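Below is the structure I would like to discuss, written out as structure tokens.
Going by the order they are written in, the chains are A, B and C; count residues from 1 in each one.
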Amino acid sequence: MTERSGPQAHGATADVRGGPGSDPLAAATLPGRLGAGTGDNLHIGYRRVSLRFAGVTGVVGAAAVLLVLLGPLGALLAHLTPGTVRAALAGPGALQPLVTSVEASAVSLGVLVVVGTPLAWAMARGRLPAPRAWETGVLVPLLMPPLVIGLLLVFLAGPATPVGQGLAHVHLSASNTFFALVVAETYESAPYYVLGAEAAFAGVDRELEEHAALLGDSPARAFRRITLPLAAPGLASALSMAWARAIGAFGAVIIIAYHPYGLPMQIWVTLQQSGLAAALPFALVLLVVALPLPLVAYVWTARARSDTVAGPSGVADVAPAGWATRPVRARR
Amino acid sequence: MLTADVTVERRDLTVQVDLTVPAGTVVALYGPSGAGKSTLLAAIAGLVPLHAGSVWLGDRLLATGSAARRHAGGGLPLRDRGVGLLAQRPGLFPHLDAAANIGYALPGGGRDPRVGRLAEALDLTDLLAARPGRLSGGQCQRVALARVLAAEPRVLLLDEPFTGLDPELRARVSMLLAEEVARRQVPTLLVTHDLADAQRGADRIAVLDKGRCLQVDDPVRVVAAPATVRVAALVGYRALVPARLVQGAPVAGGRGAPPSSSGPLVPPGASILGVHPDRLVMDAGRASQAPVTAWLQATVTAVRAAGAGMQAEMELQDGSIVPLAIAPGVPVPAPGERLPVGVADAPWFDAAGDLVGERSEAGARLQGWG
Amino acid sequence: MKTHMQARWSGFPVRRRAVVAVAFVGVIVGACTSARSDGAAGTSTSAGVVVAHRSGTADVAFAGSLLAVDDKVVGPGFAHATGYTYTGRGGGSLGLAHEIASGEIAPGVFESVGSAPVAIVGSRRSPWYVQFAASPLVIAYNPNGTYGTTFERVAAGRLPLADAFDAMAAPGFRLGRTNPATDPQGQAFVMMVELAQRTLGLPAGIVEQILGPGVTTGGTGTTGQIFSETSLDAHLQAGQLDAASAFRSQAVQLHLHYLTLPAAVDLGDPADASGYAKASLVVPATATQAATTVHGAPLVIDIATVREPAQAADDAAAATAFVAYQLSAAGRQAYAAAGFTLLPATVVGTRSSVPASVLAAVRASG
């Protein structure tokens, strides 16, 4: 804990951020405000004008970006009619891939939560030797194209490899099985969860954990009462991101888990067999299944953020800095 | 009793302090920014590892430095230390409302009766349902203090507890603290950069500078008898005047009759006189009753309103500028006017900057002079 | 892709993002290097007069099994000889045909295995096509696998071919094939096993022993055998399969060990078409398609132009020129070298709409 100027300094930084900067519109109205009132009024004037300016350009820009991003979704909905969707979903066994996908993704995420959460925490708190090595290791599956992951998994865990023979002893195979699907999905989604969770934990101010300890909490109790609730929104968004990656995993899946079909394979096979029109309804199913969790997590995160960080003053000194940015840690 | 004999390595500073806080007393850590006050507090709390030394609370070893670490494991875990730390950043838990924050360490949580009592004492009753994000800086500070007190710690470490509080709340907080300290006989360390806060709340003041403790003394003696010129500068002495400029009697040209001064003008070995603005006198009539040690030649550089009275800015012969309150009824001097000013009961320092002579008597006299 | 990742990763510390960036640079450099070597391989085959560059692009969609020969040999040779630009894309023949039929892609030329995909494209876009080569099936095998020695001996003629099929029927044999629902090779492989059972006098149940129950009657068979076209060879080369379905051209290009099959079984000889037709397979129904029965037919390579109303004249000319080049001596030689069986070029469909240059090339092929 170094000597620092505390809340005031934080407040000042926040003001600069919200202030006009090089905003010409705000600068133009400045003289009138100067004559008008106190420093506080001046300050509020700044902010209001810059907000209005940001409003005009911001809304237009954001709308443009949103249109581009949502374009594919719009195209999808435009090409679907209720009839085709109904026909596609009513086919024999049409929903089995959905069940398979949901089950495999749930198992993947379960594994990630159990194994990845402690790893992410240890990485965030610098509890591991050679931290760079761990970070790189987690990044590798992210940096490799999923197709390459799939091919390497063939070499690593194919039935003729030592790993594959070991798996055979416990009646598992990483080739064209449900287990293979889970493995492929786990590889594709793990970096998203672990790195997201690490950021979520790193965002929790360590001073808060120390305060909890000084107030009598054991490390486990402080983790449950402080770290976990504060990291929860970040963990949830990491988890939902991982969910979307897992359920949509394709590159590694097509290599080692052609069967049993999950949703992406179903889309691919239907596209190959019957063309785009027949495949689109399943794309809709994938979206419907993959999207809600991220959306819920997003809404929750946003609400948690506004709950804790809003307020006219005393903001920056109490909000855990990591909610908006990386925490500014006091150097010891 | 808290006994801390610690060395803490900070990147830019080594803090090395040996300090004892008896049960039921408040010791203020007073010093400029960057002196290592908060670092020392963090080290005692256990948030910063000790480089050497140890922290004892009674017969319990809270923390120990690297030399002894092999045997003691660095001290007790944080949760067993019984330390109540009010840090400079309040560190409230943002996902809990004020009541839950205050009651964090209590079995009943936010509904524990102690929460209500502390909230009442700190004027927080209306804010108990609010999350920290909705509270002002001062409100957060008070919630954090209530949280510390609610846990009934065995030692209190308070970093600038009065920051951001208006005068009424300041009084309220310092009264509550005094009650708690007296009732539970807790050794208390209070960090402040404001001498008035230190004098108001503490039984003793430890003056810290550049990681070293320069003087530990009662609040009067720290100002009356600063151990060195550095302490003098830290506690408000505005000028350190060479002995050759000091006169035994006011020089002609001043107003009123020049009073006579008795006693030795410059004690043996002394070469520097400490000048504190609060001990300057101009009124010849009153000065005769005050123990004026020395007279200095000064020039009025400016006169301005100060509070309900007036204040003159006096330039001494060595070039230092000292403010001088003009007592009611005394004619206000004009800028440019040359005047003798008397220094009442001022400390003398030798050439090395150390205090000359035993000043306990002087301190007592100063109290009487008021 | 990169921006997408940046957005997602903006939450992570700068130094970590730096690691990502460095890795990206590595990947890109690697990609560039390999692209350069590809290009060199493509141009090395052609020599001679330099032809002036012509505007017009021959956009060729072809069955995935033709990828290597088209992209590396025929395409660059065509570009060098005619001055047109060549772009190629490979995929499952049936999948590509569906995409063309629905207007998702609009290539100028379509080369498929078997005539069924051209029929899907439709006579409006492709009123004619030319058969010019055949792609016989082989059984690629892993010489180091459990059954490697058996296959080696069969390949050397020291054991009868029937022993290879007996091995494939053994429990624990790891066979790989492609999806009959999407890939003509996947269908052909099933029918090849049926033909082998009849021709070699194997026990009646061996088809289902090798491929799984219901494989010819609308069931899925053993799904663990089914891999994507893209990865089947990789699984075999990684030593994770004992044997896999392959076209001879694939086996030649990838230097796989393979068993050549008799003409009556390998679906590569149009003269045996009537024999092939005795084999059949039911492709299960989907939401939009009823179950269909597919009969064995020679695995003939067909080439056709694909007409679109919006097609530029330059591109149409380039497409026609590509077909003519493919049927020329150079184009046919490239296919022969790549492991295909050359057939006399034969026009199927509306002969009157075949361009003169293509007809000339057909006649020249003999």
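Keep in mind that, in the parts below, a contact is a pair of C-beta atoms (placed from the backbone, for glycine too) under 8 Å apart; a residue touches a chain by one contact, two chains touch by 3 or more.
Just so we're clear, the structure is a prediction, and the values are computed from it rather than from any experiment.
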Chain at maximum distance from subunit A, centres defined as averaged CA atoms: B
Chain whose averaged C-alpha position falls nearest the assembly-wide average: A
Interchain centroid distance [CA atoms averaged], subunit A/subunit C, Å: 40
Intercentroid distance (Cα basis), subunit B paired with subunit A, Å: 50
Inter-centroid spacing, subunit C versus subunit B (mean Cα positions, whole Å): 87
Residues of subunit C engaged with two or more neighbouring chains: none
Residues on subunit C engaged by subunit A in the complex (per definition of touch): 8-9, 11-13, 16, 19-20, 23-24, 27, 92, 94-95, 98-99, 101-102, 104, 145, 174, 179, 181-183, 220, 223-228, 230-231, 234-235, 238-240, 285-289
Complex interface listing, subunit A residues touching subunit B: 1-4, 6-8, 11, 205, 207-208, 210-218, 225-226, 229-230, 304, 307-315, 317-320, 331-332
For the subunit A and subunit C complex, residues of the former touching the latter: 87-92, 94, 135-136, 139, 142-143, 147, 150-151, 154-155, 158-161, 164, 173, 175-177, 192, 195-196, 198-199, 202, 241, 254-256, 258-260, 269-278, 281, 326
Subunit A contact footprint on subunit B (complex, rising order): 10-11, 33-39, 41-42, 45-48, 77-79, 81, 83-85, 87-95, 104-105, 131-137, 139-140, 147, 151, 159-160, 163-164
